[in-house]
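Take a look at this one; I'll ask things after.
Labels run A, B, C and D following the written order; every chain starts at residue 1.
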């Protein structure tokens, strides 16, 4: 492949934001018919690089050559005109438009000067069939799940005669089958001669689908490798910049002494919300990590939300510390020492206009109430403490959180809850979309908390993580709790997956 | 393939608005003699033709998540320009009409450009536009300028007969043509769909490579043009130019668009809904006139109460559909 | 040093305010002079403060509403209602002693706060968009005010009432003290307690705030009540000033002036960060502009044109894009990028 | 099946809303009654009018006999004390004469007024009374009224229409004349003064007919002598608050030089008086004050010696108007222009007249 002329060459790219050097001297070359992975921790500059390539940001220095000709891409529109299409990490479509419109908007099919809806609907159905998706394309995008929305976003890019396709974490909200479909499509597109940039935190997927990879770290270019020629440990160490041993620090199985049943903290008895989660029983004990395994849409987030009072239970009883409670708002739950880190960081987590410090102290302050205002000095002290503890970058408590990378925002969210010192901490996909280093830190933190006699409810798409950290594991399927396992030596990934998939 | 008859939840507010109009009309017909006639219905169009036109422009602005407060003042400015050019400069209507239409259009372009290029908030820019347009019409003249010109008189007085002794004015025809064109623009051009997309999420629209900036400027241009056209219709209706014309009409327009089911947050709504919204405002006034004994303050309170009921109804519909969607 | 001054949200409003005052000085050399007359300090500057008192009050209330991503269009009619209630209360009593005064103040402030409460309930509990929710009262409220006064201009024959808007304390107009007090209370509540943080959090991301345990509904309810209260005080000052209640005209277009003052002061209509001091500056800019127009004899018909131009200039000066393009501060960046970086979703 | 249920739910909802509408319709009515109830005797008549409203089918047959007329009245709005007094006078006069009233308030908007008149035409009223918001732009709708054979009476303000067959008569004040009266009073008062006499003027709402005409009439008279000069002129929007604020600004810029204040209405003058007092001057002595309208507040001010003169602009011409309408239906020819009886009141008369003022 490398003997061919590269489709795209980016050389010595520099991009600065006020106070931050997001990219310095970064290189990237793409060849037709290859899948190229962009690797790096959060904040390494992957997203920035993609945004530079797609014209969202302008570059401060460096050159971009497309098919041998230097180009200046100044807007997403120009990028598309140059054959560069992108599917972003957070679905960036218009949920108030129909599926067809989302696929075609900007390059609609016209007939006699008007939009030809019938043709577009048919075409959209065909495109989605390619992704093995059969849905009513006239319905609003918002009436479909995130996974389907992601597929629509991919279908949108398939519709253009793209030369370069950028997939920015396309798989993070897809389940196994959907990933399979996607890979099939990627292989097909590869055969057609497209250059594909693929970003993912799942190493398995990187090794399965990509040909070459570029590693970035802290905005700097580390190197370009053939996927086959670099092994996992080496890759990871390139990404995080040190030899990796911490991974093994986490005990491979539960640490809690199971002979003595720990004190119960929260007990849910036939709790359910109509249309969201069927009535379920769940007991959370102090010092225990309980995992929830289930596919997207299995009701795992809904379960977390009802335990936290974000959705109001319309059935069943809940007891905290033996006393019956009825959470009508998250506030009730927080006052009972429960914390909840939402999977939806952007819309339900961060307060974009506020600083890192203010974001961190928000929950503890809401417990204290208005009048008991933490002095600014105290706030800064707390913020600095957690910035160090969680290794948040940049380490400035007065930085606006919206200017932080996704992974660092996630750490701030964790800090917000750790500060409240909750007895039960509900973590909904805390490791999604963040790098291995941070993942490891988060899991270490969970173990430490459980040793502190805290109780943790851990939701993750990665079964391996759940198996490694949890004492007990509840499996959800179709908005229903179907099984609960003790995580003993015999339990394997296969056991869990069987329950998650069901009927096997 | 697609079940066209099924009730899509996004159309429910529109359906509710239409049903409410029908109900109010029947309510009036039962209560007052002489209410139930085609002419009463047609008068709603004759008396509100200008409001329909600005509501159409405003619908696009609100669909994109913006707002345009300058439309009422632009009507006054247009009427003033038309009147002074006709009466004082003695120009032919062939020159006056295009110039008048240009006034609002230019205003719209400038407002749109300020909003887009300097990232200013539409509320403030169009508020300044509102002051400016009204101020400029005072600068032309503080007095009303009566128009005495065959063309304007003809446009004002011509009645297009309809079967059954009824008639409509030429303004109604213009307004209906505008509505048809607007529906076409909204649903069958890429400009229209881009407006919806911007209203849904401006950031997404930009990342999808849509011409966000150009479209935004165009939206305000369109609204300015509609305001000018409405200003001309208003001039036909009043046969005069006056700086106090259409005072506060921007709020009537926004109320009509909201009653018509368009969300002020953008992204959802229909041009047709706004037309029904205008008709509902019209019918409230008609009922109050037929009632004939209400003091002016009761008019205001009644409109407030009705606005409240509409909003509650819309909330109920939206909440229900959200629930329904959640349970799917 | 200069750079941090330029960055401050107060910089441009202050410059514009000074500019307007300078223009006055040019036309009238005694503009800045303050003299003692009848034991009261008088002078144009005092006058601007005194006349601007209602607008400052209402803008302070409006700032907090706008910080929660809301807007309160009803303040103009609340002013009319407040004056009407105050005047009618006094008219219905015998008018001796201080009893009627406190009754009038108490009753009208109570009702105005309740009106704010109604707005707040619609916005926070029913989830109605603020602009629509307050539009209801903007329309109906004036009708109510007219209903209370029977459409008449009701004159108050009760001297203590004039103290609210026309009295003097320590040689300064009493209304200035009212504004100072409300401003002080607002600053104290928002900066010395966590209320300000909560308001900014709710305005910036309501869902996330709820999940962080903030009772965002109550916060919203409270800011609308506060806005109603401020408008009530402003209405009393205005009504006391002319010793009458006018349901038709009192407070007409005040909502727009108040919103302008807030925006000129640097608070974004998109919610989030708010600047009370900036708002006060904004209100003063608007008031000194009005006074300037009156005193240097700008023809009545171009008042609005002048106002529009000043508003545009202030807003443009505050736009980072404009400053970069015109003055060349920093690098020229496209507005699209700016928006993307700030994560603004204009919806 | 589910869809049908949904639709049903919606229907129920709409039905409830209809009920609410009906309820609030009647609530408004009863509210309207309450409002009038405050004014003692009228309540019963109001009720009568409404009862007949419900079976007006029978009434209509009686129309031509001249017994009972249905009169549509479109008022400008409720923008001032003067206006509400005017509205009440006309409403009461029509009801007292036993006619049925259809009242509509245009809220200062011409378009509302045109709508109201058009609606009167579709309701087939016997006569239309209206006070135009502005002078121009009523040709079309007046023509429609003429085509429908409905006589139109103009009250208070006139229209600028060439074809005077479109209306029966115009009964109202002459604003230019009011301005002249004000000017003449000043001419006399200042006859001995050397001059220059510096006048400040508080204008009404920019563009409104009274503001334009009162300014014109006043300037016409004082223009006769060179010693008069209008040094400042600014709008006070006809309101007290604005009047006071503008006067303050005037005083600030050249307080010592102001000899006369001419205000286009009494409300602004009253506001200005407060400003003058606060500034430390004596109204009516240091500064002569001329107002227009002759509202009660002006009499009170004059009685206190704070105001010199007010030119009457009489709103209480309801009975005169009803007489004219009845004369018209009796077949009499009416003049196209009938003036309302008005005079001018000075400080000396104020005290004795104060108790007799109704508005």
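Please note the rule applied: contacts are C-beta pairs under 8 Å (C-beta built on N, C-alpha and C of every residue); 3 or more make two chains touch, one makes a residue touch a chain.
By chain, UniProt protein names: A = Simple sugar transport system ATP-binding protein; B, C = Simple sugar transport system permease protein.
Treat the numbers as computed from the prediction; the structure is a model and nothing was measured.
K.L.:
In this assembly, which chains make contact with chain C and also with chain D?
P.N.:
Under the touch definition, chain C and chain D have B as mutual neighbours.
K.L.:
Looking at CA centres, what chain is most distant from chain D?
P.N.:
A
K.L.:
Approximately how many whole Å separate the CA-defined centres of chain B and chain C?
P.N.:
Distance between chain centres, rounded to whole Å: 30 Å.
K.L.:
Between chain B and chain D, what is the gap in Å from one C-alpha centre to the other?
P.N.:
About 31 Å, centre to centre.
K.L.:
Could you tell me the distance, in whole angstrom, between the mean C-alpha positions of chain A and chain D?
P.N.:
The separation of the two C-alpha centroids amounts to 68 Å.
K.L.:
Approximately how many whole Å separate the CA-defined centres of chain A and chain C?
P.N.:
Computed value for the inter-centroid distance: 44 Å.
K.L.:
Could you pull out the residues of chain A that touch at least 2 other chains?
P.N.:
In chain A, 56, 75 touch at least two other chains.
K.L.:
Residue numbers in chain D touching 2 or more other chains?
P.N.:
In chain D, the residues touching two or more other chains are 35, 77-78, 206.
K.L.:
Which residues of chain B are in contact with two or more other chains?
P.N.:
Only 138, 142, 199-201, 203, 206, 243, 267, 295-301, 305 qualify.
K.L.:
When you check every pair of chains, which ones turn out to touch?
P.N.:
Per the contact definition above, the touching pairs are A-B, A-C, B-C, B-D, C-D.
K.L.:
What part of chain A is in contact with chain B in the complex they form?
P.N.:
Against chain B, the touching part of chain A is residues 54, 56, 75-77, 79-80, 86, 88, 92-97, 101, 105-106, 108, 110, 114-115, 117, 121, 136, 138-140, 142-143, 156, 274-276.
K.L.:
Touching residues of chain B toward chain C in the complex: what are they?
P.N.:
65-67, 114, 116-121, 123-125, 127-132, 134-136, 138-139, 142, 199-203, 206, 212-213, 243, 251, 254-255, 258, 263-267, 295-301, 303-305, 307-308, 311-312, 315, 319
K.L.:
Name, in rising order, each residue of chain C that touches chain D in their complex.
P.N.:
So the residues of chain C in touch with chain D come to 28, 37-38, 42, 44, 47, 51, 146-147, 150-153, 155, 166, 238, 241-244, 246, 248-250, 290-291, 294-297, 300-301, 303.
K.L.:
Provide the residue numbers of chain C that touch chain B in the complex, in ascending order.
P.N.:
Counting only chain C, the residues touching chain B are 71, 122, 126-129, 131-133, 135-147, 151, 247, 256, 259-260, 263, 268-270, 300-309, 311-312, 315-316, 319-322, 335-336, 338-340, 343-347.
K.L.:
If we count contacts the way the header does, which residues on chain B are in touch with chain A in the complex?
P.N.:
Contacts found on chain B: 2, 8, 10, 184, 187-190, 193-194, 196-197, 199-201, 203-211, 267-268, 323, 325-328.
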